[in-house]
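Please read through the structure below; I'll follow up with questions.
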Amino acid sequence: MTTREDGRQADDLRRVTIEKGWSAQAEGSALVSFGSTKVLCTASFTNGVPRWLTGKGKGWVTAEYAMLPRATNSRNDRESVKGKIGGRTHEISRLIGRSLRAVVDMKALGENTIVLDCDVLQADGGTRTAAITGAYVALAQAIEWGREKKFIGQKATPLLDSVSAVSVGIIDGEPMLDLAYVEDVRAETDMNVVVTGSGKFVEVQGTAEGAPFDRDELNLLLDLALAGAVDLAGIQRATLEATALDGAGA
Amino acid sequence: MTTREDGRQADDLRRVTIEKGWSAQAEGSALVSFGSTKVLCTASFTNGVPRWLTGKGKGWVTAEYAMLPRATNSRNDRESVKGKIGGRTHEISRLIGRSLRAVVDMKALGENTIVLDCDVLQADGGTRTAAITGAYVALAQAIEWGREKKFIGQKATPLLDSVSAVSVGIIDGEPMLDLAYVEDVRAETDMNVVVTGSGKFVEVQGTAEGAPFDRDELNLLLDLALAGAVDLAGIQRATLEATALDGAGA
Amino acid sequence: MTTREDGRQADDLRRVTIEKGWSAQAEGSALVSFGSTKVLCTASFTNGVPRWLTGKGKGWVTAEYAMLPRATNSRNDRESVKGKIGGRTHEISRLIGRSLRAVVDMKALGENTIVLDCDVLQADGGTRTAAITGAYVALAQAIEWGREKKFIGQKATPLLDSVSAVSVGIIDGEPMLDLAYVEDVRAETDMNVVVTGSGKFVEVQGTAEGAPFDRDELNLLLDLALAGAVDLAGIQRATLEATALDGAGA
Amino acid sequence: MTTREDGRQADDLRRVTIEKGWSAQAEGSALVSFGSTKVLCTASFTNGVPRWLTGKGKGWVTAEYAMLPRATNSRNDRESVKGKIGGRTHEISRLIGRSLRAVVDMKALGENTIVLDCDVLQADGGTRTAAITGAYVALAQAIEWGREKKFIGQKATPLLDSVSAVSVGIIDGEPMLDLAYVEDVRAETDMNVVVTGSGKFVEVQGTAEGAPFDRDELNLLLDLALAGAVDLAGIQRATLEATALDGAGA
Amino acid sequence: MTTREDGRQADDLRRVTIEKGWSAQAEGSALVSFGSTKVLCTASFTNGVPRWLTGKGKGWVTAEYAMLPRATNSRNDRESVKGKIGGRTHEISRLIGRSLRAVVDMKALGENTIVLDCDVLQADGGTRTAAITGAYVALAQAIEWGREKKFIGQKATPLLDSVSAVSVGIIDGEPMLDLAYVEDVRAETDMNVVVTGSGKFVEVQGTAEGAPFDRDELNLLLDLALAGAVDLAGIQRATLEATALDGAGA
Amino acid sequence: MTTREDGRQADDLRRVTIEKGWSAQAEGSALVSFGSTKVLCTASFTNGVPRWLTGKGKGWVTAEYAMLPRATNSRNDRESVKGKIGGRTHEISRLIGRSLRAVVDMKALGENTIVLDCDVLQADGGTRTAAITGAYVALAQAIEWGREKKFIGQKATPLLDSVSAVSVGIIDGEPMLDLAYVEDVRAETDMNVVVTGSGKFVEVQGTAEGAPFDRDELNLLLDLALAGAVDLAGIQRATLEATALDGAGA
């Protein structure tokens, strides 16, 4: 196995940290780092649901993703200044929302809404996977907050499982885990995999950036991703179990 | 194996037709049907490339997807009237573009641009997979047109392979091929698979709509998709080989 | 009288066809062709009216017109991508809406709304006149559908008359009927005339593209238009009387 | 003949005044009143043409129409605040531009651009016809300014004729000239007619607001409009011949 | 003390005129001139308040500022055409609204809304200060109108004081009052001061355009502004006391 | 003197920290805190200037301000989603840009552009003053970076002075320094003062939120602000002199 630019083995995650309760304002929050990629995730809890859901006894979870203009190596114009949201932003926001909804029992959540905001403060590849991984921690806190405030039933368990995400890719023919930006741009195939704490798939998105890939390559990538997801789930669990310096309401 | 609402077996495609050269204006065009889903695909060939590519000796292929407001069972407001493009539209446009670029040798295309427009005239599930499948036919025609007009070198072979797409999903625990709308809304897992004529993956996008899915289910879905892709590639080949009632330039 | 590029006499319509019930989704629909100009017209029937009309016992009919990006000889950017609707689109949408409202008794329609979508699939001059002519057929079907569904009273006759439209123009000093695109760009004067089945004017829009026109020229153009409108009304009637392969709800 | 609410005969214009050179900033300007309708028209002269016209030796004339939010009896939201221009505004801007271009010889204008801005300060019906009538005066001044500044050849005569506009309509079965707002809302048929100084038509736009109209009614309306246009041309001529308190550059 | 380009002393206002009741449509209006700067101010009175204020027994006053495209020496594109409002427009609209709200007792106004529209017809420096000064007159009229129409209690006195505004600046080291455009562009420091009739500050906005300014300079500028405000308050009072040629409702 | 909610004296700043070089991507950066208010400031250095400045031998400095949606106690919709930038955002962006330009010698900067992005991660009053204070540090770093990279002359001193900002206000009749959010909403008068390191004013923006204020109150507020500015200038100096963990290019 090759050594990578930053010294990792092909199946190594970058250093992953999750700072829980970073925000004093939000009901849940986490500043997550995958190496130099840093994403601030906040969860905003509202009692009530959008009009189209009212009266159905079910909750709603949604997400928005964005990047600060200078999160990247060269500055990008703000989408607010351009007056429209780009396709990439839309796509990632939708992915995060779907990923989190997959582990929430909307009936148990009751008529409450949780909005996850994932703002990339610094980008070095894997921003969407870091966002999902951090957003889960913010979500779990917000649900806990909702239970304490009695918006959620005391016996209800809206969280069915944990969820995290990681990228994998094939570089120079070799499958690798958790690509940094310099790796990402060279990858022939790039895959984002969203996995539950119990090891099932929520989302598999593989794209041939260069040559199309075959079934064996797909399988190797999935092996790597599932192994990485086990580590991420462990970090999430440890973060949530640590004595909290919880934000909002604390 | 269950019989489906429309009488198909689990591994049956719907009736697929591709009417080549539907448009008298475009350099390539195809009206593709997957059952009741009908998508008009046009390819617009321009000599020259966007500014950011100029002088690199390479071409560009991109795509835009949209739905007529009453393509669906109830009317949707036009995105032009709303003044912005929705996330779903963005996501699918990007998917179609990536899928087609995966089978084009941009050096061989030379400094030419091909824009694929995929407009859904009637929607009954699988609009993005029909769009990719039809857009390939329009693309192939447009490349042929470019060669005849000498914008592309006579010996150049910009098309590396064909490409088609099909949806698969798990319904009541059973994997099924090419979901119609009524099936799509019931699917626990929904996957769109883009495959080359030689059977390699260009894109794999699987999403758990209900319960997360495991590796075995993923494998069954990929089996179905690869089999369906063989049929679609055959239909594409037959369409392109038929004596053309070619559109533009004919 | 001169012979035209496509062999027509000055007072000939192009070949006009109306395929009723083209859409399986809409309550009314027609694919109308004026020569190579093809417009898909759908009518969406909704029980209820916009808020500003509520409780007045009257219905509402409105229309939206748009062109596919490659309906024309060179590709136009999508208005959804540009984020705004152009003046020409606005102007034509408003014309179609006014033209259809002129033949509808809103009281007899009751508190129901019908939206006509006219999407130009292929453009070769006269798209607005084809749109009005086809939209009338879609409208008539949708009203019939509303009666069957009992949203409209069984004795109510919301349609006061039929309505169609045709362009006329002066080319090289000679008045001509139903201009194709190559004629339209050369016309000194260009007029769109919307006429009821009983031969009255709903809208007369004449524009001097080159030299201003005098009253005699205006009169010759109106003569041509009224004669063409008789033929169009006949085609509409025949289409609606034909045993239907009706779309939605059929 | 009926007497109207404001005491006019059916074939009377309202009191029309044109204050030439109202603006000290613009190359041409006119504050035009048709009764209580007041429109400020400015002409902005630029040496040079839009890119698509460059190098063809021809000029360009275009127009923009807008209303102040409280020009009307109840306040309308600003289009700048809504972020988009409405269909009516688009339609009228285009009409004004076409009307003025009809009397300009673009070759004689040379590679110069004139933008007419018509801002309705107070609205009481007939704002588009007042705008065209006033814009012609501003245009004529701006052309004179361009000649003085030597942007236009000393022997060139870019103005082929004058142009004015007036509304006519049928109210309670009677044709009337130059409708005030209270008349306009009651009119069964409403027509705007744009006429050159030599009495030819530039634009005829008749709309059945109530019952469709027949050819006799159309003819009566055109008679009224042509007579009114003679008066308007006289007022324009007198205004332009008066010793100028000219604006910009004076 | 230096004499200025237009012959004024450093502490002279330009000729200020306020034409009350300019608009026949609005509940209050004023055409205000500060030299060549002309702003049309209208006040639109609505019984009722925005939703977020409903039921609190308080009124609302807000303002919008805009410039006609050719108010200035060279033409600016319309914000409606650009589809967005610029920062300067936003900033001035907010300033006008705050300034007027400072002299209104919202309880005494009752649940009524007054919108001030300030449209610059001609610009020569000081447009925002002219707008505030004129808008106060329109506001006072609209409040009087509301009282006559019994929307405001007969004993209520919603106007706590009058309010006007004036610019001051340092040019070539010398403080000057009410800058014309040619002065404004040369000013090292530019300050807009909003003052009540009783001589208190509502808003002080000083900006160093060139070198930062010190406390002494600030004090000299404030002296000038307060003196100018006394004159403006006098002109406002005289205008409102003059026998009215009042607009709306008169 | 009263003690405040957080125990401060009326003339105390909150705890102010500036973390220099927070971003590994930007040429200059600072994470600044004024109590719980946290703003991430990045400076993006580009060699070259906007087109309108090209060839004049001068540089350009501009700024954009924004808030994360959940920086505040309840969530605000993103401006990118709304498709337009609000008035407050515009106003503050412009203030920051002007404040920084006041201490930059554009000739000495040469044809280089520096964009300051100030993104509020957490808001508790005084976000604009924290932004200016932090942006100065990021700006100073970026200029240093430009000098090292030889885009700026080695002897050039583009920074003329330092600049910081602080809010002051009158609460219950007492002037106070550096208002936290709970104080800000209660303030009768609210003033933001931008001051250079040498104690001169760059910007003074005072607003009567409740009763108008008199000259004595204004003077007391300015005294407080100037004292606070001395402390802020000291913190900025210490931050910049500390051995750097500099970001980009380090």
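Chains: A, B, C, D, E and F, in written order; residue numbering restarts at 1 for each.
Quick note on the criterion: contacts are C-beta pairs under 8 Å (C-beta built on N, C-alpha and C of every residue); 3 or more make two chains touch, one makes a residue touch a chain.
Small disclaimer: the values here were computed from a predicted structure and weren't measured.
> List every chain that touches both chain D and chain E.
Touching chain D as well as chain E, we find no chain at all.
> Note down the smallest number of touching-chain steps it takes to go from chain B to chain F.
2
> Find the geometric centre of each of chain A and chain F from their Cα atoms only, then give the gap between the two centres in Å, rounded to an integer.
It comes to 32 Å between the two C-alpha centres.
> Taking the mean of the CA coordinates per chain, how far is chain A from chain B in Å?
29
> Approximately how many whole Å separate the CA-defined centres of chain A and chain D?
That pair's centroid distance is 59 Å.
> For chain F, give me the residues that contact two or more of the other chains.
Only 83-85 qualify.
> So if I start at chain B and go to chain C next, what's the full loop of chains?
The cyclic sequence of chains is B, C, D, E, F, A, beginning at chain B and stepping to chain C.
> Can you name the residues of chain C that touch chain D in the complex?
Against chain D, the touching part of chain C is residues 84-88, 90-91, 93-94, 98, 102, 161, 191, 196, 198-208, 211-215, 218, 222.
> Across the complex, what residues on chain E touch chain D?
Checking each residue of chain E against chain D gives 23-26, 29, 36, 40, 42, 44, 46, 64, 66, 68-75, 78-85, 89, 115, 117, 119, 121-123.
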